[in-house]
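Next come two complexes built around chain A: one with chain B, the other with chain C.
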Partner chain A sequence: MSLLTVKDLQVSIGGKSILQDIDLTVSRGRVLGIVGESGSGKSMTAYAIMRLLPDGSELSGEILFNDTDLAAASEEAMCQVRGRSIGMVFQEPMTALNPLHTIGDQIAETVRIHSKVGRAEALRITLDTLRRVELPPEEFPPSRYPHELSGGQRQRVVIAMAIALRPQLLIADEPTTALDVTTQAQLLSLLKRLVDTDQMALILISHDLAVIANTADDIAVMRNGVVVESGSTENIFNHMQHPYTVSLLKASGHVPEKLAAGVLADEPLLVVKDLVRDYRLPRKRFFDAVNYFRAVDNVSFTIKRGENVGLVGESGCGKSTLTRAILGLEETQGGTITLDGERIVAKSEMSLACRRKMQVVFQDPYGSFNPRHSVGRSVAEPLHALEDRPDRLAQQKAVQEVLERVGLNAADSKKYIHEFSGGQRQRIAIARALIIRPSLIILDEAVSALDVSIRAQILDLLVELAASDDIAYLFISHDLSVVRSFTQRLLVMKDGRIVEEGQTDVVFSRPQHPYTQSLIDAVPVVPTVFAQRE
Partner chain B sequence: MIQFLRNRRNLIIGALLCLVFIAAAIVSFFWTPYDVTTLDIANKLKKPALPYLFGTDHFGRDIFSMIMVGARTSIAVALVAVTIGMVVGVPLGLFAAANRGALFDELIMRGNDLIFAFPALLIAIMITAVFGPGALNAIIAIGIFNIPVFARLTRAAALSLWERDYILSARVAGKSRLRISAEHILPNLLNLLIVQGTIQFSLGVLAEAGLSYVGLGAQPPTPSWGRMLAESQTMFSFAPHLAIFPGLAIVLTVLGLNLFGDGLRDYFDPKLRHNRRSEAAVPLDELALLDSEKGRSIK
Partner chain C sequence: MIRYLARRLVSLALTLLIASVIIFLALEVVPGDPASVMLGVNAQPETVQALREELGLNVSKPMRYFNWVSGMLVGDFGTSYTYRTPISEMIADRMVISFPLALYALLLSTLIAFPAGIIAATKRGSLSDLSIMGMTQLGVAIPNFWFAMILVIIFAINLQWFSAGGFPGWEAGAFAGIKALTLPAIALALPQASILARVMRSSLLDTLGEDFIRTARAKGLSARQALWRHALRNAMIPVLTIIGLQFSFLLAGAIIIENIFFLPGLGRLIFQAITQRDLIVVESVVMLLVFAVVAVTFLVDIAYAVVDPRLRHRLQ
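Up next is the complex of A and B:
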C-alpha cells in the first residue's frame, strides 16, 4: 500500500498550465527521486503536494496521502499535515535557519507547534532528533547558533527540524546542491539511513542524475511540467525509453573532445610563485594583537599557453581568493604572479596591455551583467583595456562578430540581459571574455549553475574556442566530473595550499593525497549499466 | 486597468495630491483670486464663504490666494534643498564606497555623523544667526541637513553593488573606480535615490514650515504656510479657519509626498515585482527563475 499517490495532478498559475497529468506514488521505506532541469516543474510538484502554491494558482486532481485527499483538504487540515505528517527540506541551509535562535529552540519550536508537550519533553525530543541526524548533543549542544555550524551541519539541523515529529513523508528539494561533494555524500547516506530506520518515505528532488541514481529506489523524470518517464531505478537505467532521459544521461556524462595532448608549446603563460594572501581578522578585544587569516598559503603553479588547467577544492579553500589575486583585484602579501612575462600587481599600476591578456567568466549568469546596460554595451566593456580603442562602429562590429561566434545572433546586442536564459547569458559572458582575444580565461565555476544539457553545449563551445584561438583556461570548479572531462592538468587545493598537482587522468586514477582520494570517492557517478541492487 | 489602479492606490493618491499643490504653485505665478500683498481691512477675518473661498485673515488678505503663493515657497525651498543634498551627498557616498575603508571614506562618513548630530533646526538657527533670516538661508540649512542622508544611503547601497560580478568584470577590463561608479553603480541606484528624494522632499516641506513658524524662514510679505500658522495662533478661538487651511495644506502635501514615495518604492522594489508580473501572466519564466535562483548559491 503506497503512502502517497498523486493522480492526474494539474496545476496552472494565472491561467497558464504549469503541471500536467502528474502521477506519482511513494511507499514507506522507499525513496522517490524526481529529476529534471530548471523549469521542469519538479519543485512545483513538491509545493503542490504541500499545498504551498503561490497565489493565483489552480490545482486539480488527487493527492492521496494515507487515503485523505490533500488536494481537497482545508487550510487548517493542511497545517496539521505540514511539519507533522509531511516534513520538508529546502536547498539553502544558510537561509533556512533563523540566525537569532539557537538550533535547539528551532527544533523544539516545530515540536511544540504540533504536539502539546511540555518544555522538558520538547527538549528530550530535540536531543533525540539531533542524535538521529548525527549531531551528537555532546559535541553540538542545542544552545549553538546557526553561524557556529558549517553548511553541512546546518543542513542536518534543517533535516532535524523536518523529521523531529517522525513524519511519514519527507520532501527534500535539492537538499545537497549548495554543499560540497564530500558533505553531499554524507548527507545523502544520512537521508537513506533515516528512510530505513524510520520507515519513512522520501521524495528527493534534484537536477543531478547521479545523485538520484545512487539514492532513489524509484525515479520520475520531469520535463516542462510533465513526467516523461518513471519507474524503478534499475528499470530506468537499464531500459531507458524516453529520448529526453537518454539525452539527460548523455549530457551529464558529457565529455568534450579534448585538445590533442602534445600540441602545447612549452611556453609558460601564467606563473604563480609562492603566493600569499592574508586577511586581517577583526580584533576580539581592543588591545589584542592583529591576527591574520592566511587564505592562500605559498601557492605556486604554472599554466602553459593553450593549456586547460583545473583547480578543485571545497568551499573556503581559497579558490576565489586566488582568482581575485590573479586578476589583480586584490593585494597580495607575498610571492609573485607573472602573466606572459609581466608582473601582475593590484591597483591601477597594472598595465592595460597586461589586463587585456586575461579575462574571467563568473558562475552566476544572473549577477554578471549590469541589468541596465544592453548586451552590446556589456560585451564591449573589455575593449576599454585596448590602447587604441576602436570607434563606435568598429566596436559594434566586434560585438556582433563575437556574439555570432558563441552561437547567438548579431541582433542580440540591442537586447537587455533579462531577455536571455541562463545558458544564453553564460554564452554572452564568454563573448565578453573573448572580445579582446585574451590568452587566459579564468572560468570561475562558469558552468556550475547551468543545467546538464546546456552545460554540455557550453563546454563544447569552450573547447572549440580554445582550439581556434589558442586560449588557456584556468577552470575552477567544485564539480569533479566536469573537471575530469574538461581539463588536462589538475590542481587540488585545500586550506589555502595546493596539495596535489598532476595530469588530470593520473590524479583521478592514482590520487596521492588522502584529501584528493576522499574528494574523488564522494563524487556521485551515474552507473553505465545498472546492477541489481540489494 | 482597475486592478492596476488598486495595486497602486498609494502611488496614485500621492501623485494626485502632489499635482494639486504643484499646479497651485504654478498657477499662482499668473493668477490668484486676490493680490496677497494688498491689505483690505474692511474685509478682515471673513469666514470661509464666496467670494473668499477659505476666508480672509486679520489684514483682509484672501487665505486661498496666500496658500497658493505659499505652495510656491514650500515647494521651492524643499526642492532646492533636496537637490543640494543629492548633488553633494550622492557623489560623496559613491566616492566613499569606491574607496571603502580608506582614510577618505572615514573622513566623509565621520563628517556625516557630525552633521547628523545637529538637529536641522539648530543648524538653521545657527545660519540665520550669522546671515539673517530668509528663504535662502532656510534652503541652505535644510540642504546641509540632507547631505548626510543621501551620502549614507548611496554609500550603503553602492557597497552592496560593488560585490556584484559585473563590477568585477568591469575592473578586470581595467576601468577606474570613478568610471565604474558613474557607469555601473549610479544607474543602478537611481530608483532608490528617486524614492528617497521624494521622502526627503516631504521632510523639506515640513522643515520649511517649521522654520517659518519660528520666524526663520521666508520673511513677510512673502506668504508661507508655517508663518500663516504662527500668525493665526492668537486668533484661533474666534477665527479657526486661519489655522485650519494652512495646516491642512501642510498635512496634505506631506501626506501626498509620502504616499507617492511609498508607492514609488513598491513600484521599484524587485521583491514586489512578483505581483506586477503575475498580472501579465508569465509564470513560466518565473518558475525557471525559481529553479535557477536556487542553483545560484553553489559558490
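Up next is the complex of A and C:
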C-alpha cells in the first residue's frame, strides 16, 4: 500500500505548462529519488505535493496521500498536513532559517502550531528532536541562533523542524547540494536512518545521479516537466531505457580527454613558496594581546606551464584566501608568489604585464557579470587594463574571435547576459578570461553550478583550449569526481595547509593522508555493478 | 551588549563635541564679530562694545568656547539678545510644543504606514496595493503646507471641529493641547507616512521572498502566521532607520506647519532668531537639534541590536 500516489499531475504557471502527466508513488520506509537537471520540474513537483506553488499557478490531477486528495484540499487542511504529516527540507541551509529566532524556538514552532502542548512539553520534544538529528543539546543548546552554526548543522536544524512531529513523508529538495562532501555523506546517512527507524517515506530530489543511486530505492528521472523513466534503482541502472537517462549517466561520469603527460614543458609558471596569510582577530578587551587566525599556513606548490592542477578542500580550509592571494588581491604575511618569474604583490603595486598573465573564472556565471553591460563590453574589459590598449576595431575583432572560440556567435557580443543560459554564461566568462591570452586561468568552482551535460561540454572546451593555447589551470572544486577526471595533479588542503600533493590518479588510488581518504570515501559514486552496464 | 552601549555613548559624545566646535567656528567665520553683525552696519561703536561685553565676546576664543559648552552642560544656554530672556527658558517653552508634536506626527505616520505597507505587500498587485501605492505617491507629492490649509478649511472653518491655529498651553488640559496639535500633526504625518509605507512595503516584500518564509510555510504556518511570526521583525530594520530619520526631521522641520497653525515651536524660534540675527539663540538651538539627531540615532542603534541577534553576536 503506497503512502503517496501522484496521478496525472499537471501544473502550469500563467498559462505556461510546467509539469505534465506526472505519476509517482512512494511507500513508508522507502526512498524515492527524483533526478533531473535544472528546469526539469523536480522542485516544482515537490512544491505541488506541498501545495506551495507560486501565485498564479494552476494544478490538476490527483495527489493521493493516505487516500485524501491533496490536490483538492483546502488551504486550511493543507496547513494541517504540512509539518505534521509531510515535512520538507530545502537546498539552502544558510537562508532556510529565520535569523532572528533561536533554533529551539523554530523547532518548537512546528510542535506548537500543530498541537496544544505546553511550553515544557514542546521543549522536551525539541530537545529530543535535536538528539534525533544528532545535534546533542549539551553542545547545541536550543538557545543558539542560526548564525552560530555551520551549514551542515543548520541543515540538521531544518531537518529537525521537518521531522519534529514524525511525519509520514519527508520531501528533501537538494538537501546536500550546498554542503561539503563529508557533510553530505553524514546527512544522507542521517536521512536514511530516519527512514528506517520511523518507517518514514522520503522523496529525495537531486541533480546528482550518484547521490540518488546510493540512497534511493526507486528512481524517477525528470526532464522538461515530464517523468521520462521510473522504476526501482536497480532496474533503472541495469536496464536503462530512455536515451536521456543514458546521456545523464554518461555526462555525470564524463572524462575529458586529458593532455598527454609528455607534452608538458618542464618550466614552472606559478611558484608559491611558504605562503602565509594571517587575519587579525578582534580583541576581546582593549589591552589584550592581538590574536591572529592563520588562513593559509606555509603553503608551497608549483604549477608548470600548461599544467592542470586541482585544489580540493572543504569550506573554510583556505582555498579562497589562497586564490585571492595568487590573484594579488590579498596582503600576505610571509612567503612569495612568483608568476612567470615576477613577484606577485597585493593590490595596485603589481605590474599590468604580470596581471594579464592570469585570469579567473568564478562559480556564479550570472553574478560575475554586470547585467547592464553588453556581452561584448564585458568580454573586452580585460583589454582596457593593458598598457598597449588595442583600438576599438581591434577590440571588436578580438571579442568576436574569442566568442567563436568558446562556441558562441560573433553576433552575441551585442546581447546582454540575461539572454543566455547558465552554460553559455560560463562560456562567456571563459571568453573574458581568454581574451588577453593568459598563461594561467584559475577556475574557482567554475563548473559547480552547471548541469552535468553542460558541465561535460565546458570541461571539454577547457581541455581543448589548454591544448591549443598552452594554458595552465588551477582548478578549485569541492566536487572530487570532476577533479579526478579533469586534473593531472592534485593538492588537498585542510586548515590552511596542503596535506597531500601528487598525481591525481595516484592520490585517488593510494591516498596517503587520512583526510584525503575521508574525502574520497565521502564522494558518492554510481555503484559499479550498475555502471558496468553503461 | 554593555560594551556596545558604552562604545556608542562615547561616539555620541565625540559627535556632539565635534558638532559644537563646528557650530562655534561657524559663528566665528561670520565677518566682523557677532556683535556688529547682530546690530547691523549703522550701529554706534559704543553699542557694539556694550553688546560684546554682554555676549562675553571680550574674552579669548577658547575661553568663550569653554564658557559656552560648560554653560550648556548645566543647562545655561546664555541670554537672548532680542528677547532678553534666558535661552534655556525659551527652548523649554518651545520644546513642550515641538516635542509632543513630533511624537504625535510620528505616531500617526507609523499607525498609517504599518497597516498600509503590510496590506500592500501581502496583496501585491491587487487593487488595494495599487490604490495604497497611488495614495502614497500623492502623499509624497502634495506640499504639506497646502495640505495643511485644506485641513484648516475643512475641519476648522467648515466643520469647526478644531481651531484653525494657536496653542492654548498644557495648562488648559491634555485634551485641549492634543486637540490643538491634531491638525498640524496630520499635516506633518502625511508625507512621512507615505514614505514609511513605501519602505515598509518593499522591505516586507523582500522578506516574504526569503527562504525562511518558505520553510515556515512548509512547517504548516498559514501565510498570515508566517507574516506575523517571521516576516515582520525581519522587515523592521530599514523601517527603523527611516523612523529615526523622520523623528529628527519632524522635531526641527516643522517651521512651515508651525507658521500656518501659529504654533510657537522650535522651528518658529529658529526662524525668528535668524531673521532677527539673534545668533546666540541660533547657535544654541542648532546645538540642541544636533543633540536630538544624535540621541535618536543612538536609540535606533539600540533598537537594531534588540531586533537582530546577529548584530548582538558581532558585538561580543
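To be clear about the criterion, the second predicted complex is superposed on the first by the 528 of 534 C-alpha atoms of A that agree within 3 Å, B and C clash if a C-alpha of one lies under 4 Å from a C-alpha of the other, contacts with A are read in each partner's own complex, and residues count from 1 in each chain.
As a working rule, a contact is a pair of C-beta atoms (placed from the backbone, for glycine too) under 8 Å apart; a residue touches a chain by one contact, two chains touch by 3 or more.
Remember, predicted model here, so these are calculated numbers, not experimental data.
After superposition on chain A, the partners chain B and chain C collide with one another.
Legend: residue contacts after superposition of the two complexes on their common chain; A:Glu174 is shown touching chain B, with no touch to chain C.
Contacts of A:Met161 after superposition on the shared chain: chain C is touched, whereas chain B is not. Applying the stated contact rule after C-alpha superposition, one finds that A:Cys79 touches chain C and leaves chain B untouched.
Once the two complexes are overlaid on the shared chain, A:Glu92 sits against chain B and chain C alike.
In the overlay built on the shared chain, the residue A:Met50 is in contact with chain C alone; chain B does not reach it. Once chain A of one complex is fitted onto chain A of the other, the partner contacts of A:Gly15 are limited to chain B, with no touch recorded for chain C.
When chain A is checked against chain B and against chain C, the one touching more of its residues turns out to be B. When both complexes are overlaid on chain A, the residue A:Pro136 reaches neither chain B nor chain C.
By the touch criterion stated above, A:Ser448 is placed in contact with chain B alone, chain C being left untouched.
In summary, superposing the two complexes on chain A brings one listed stretch of chain B into steric overlap with chain C, and the stretch in question is 255-263; the others among 147-155, 255-263, 273-281 or 291-299 show no clashing C-alpha atoms. Of the residues of chain A, those at positions 92 touch chain B in one of the two structures and chain C in the other.
Taken in their complex, chain C has these residues touching chain A: 210-212, 214-222, 225, 229-230, 233-234, 307-310, 313.
Against chain C, the residues of chain A that register as touching in their complex are 50, 52, 75-76, 79-84, 87-88, 90, 92, 95-102, 109-110, 113-114, 145, 147-148, 158, 161-162. Residues 164-166, 168-176, 184, 187-188, 278, 281-284, 286-288, 290-299 of chain B are the ones touching chain A in the complex.
Interface residues of chain A facing chain B in the complex, by the touch rule stated above, are 13-16, 18, 37-44, 54-56, 91-92, 94, 173-174, 177-178, 207, 315, 320, 324, 327, 329, 348, 350, 352, 355-356, 358-360, 362-373, 378, 381-385, 421-422, 432, 445, 448-449, 478.
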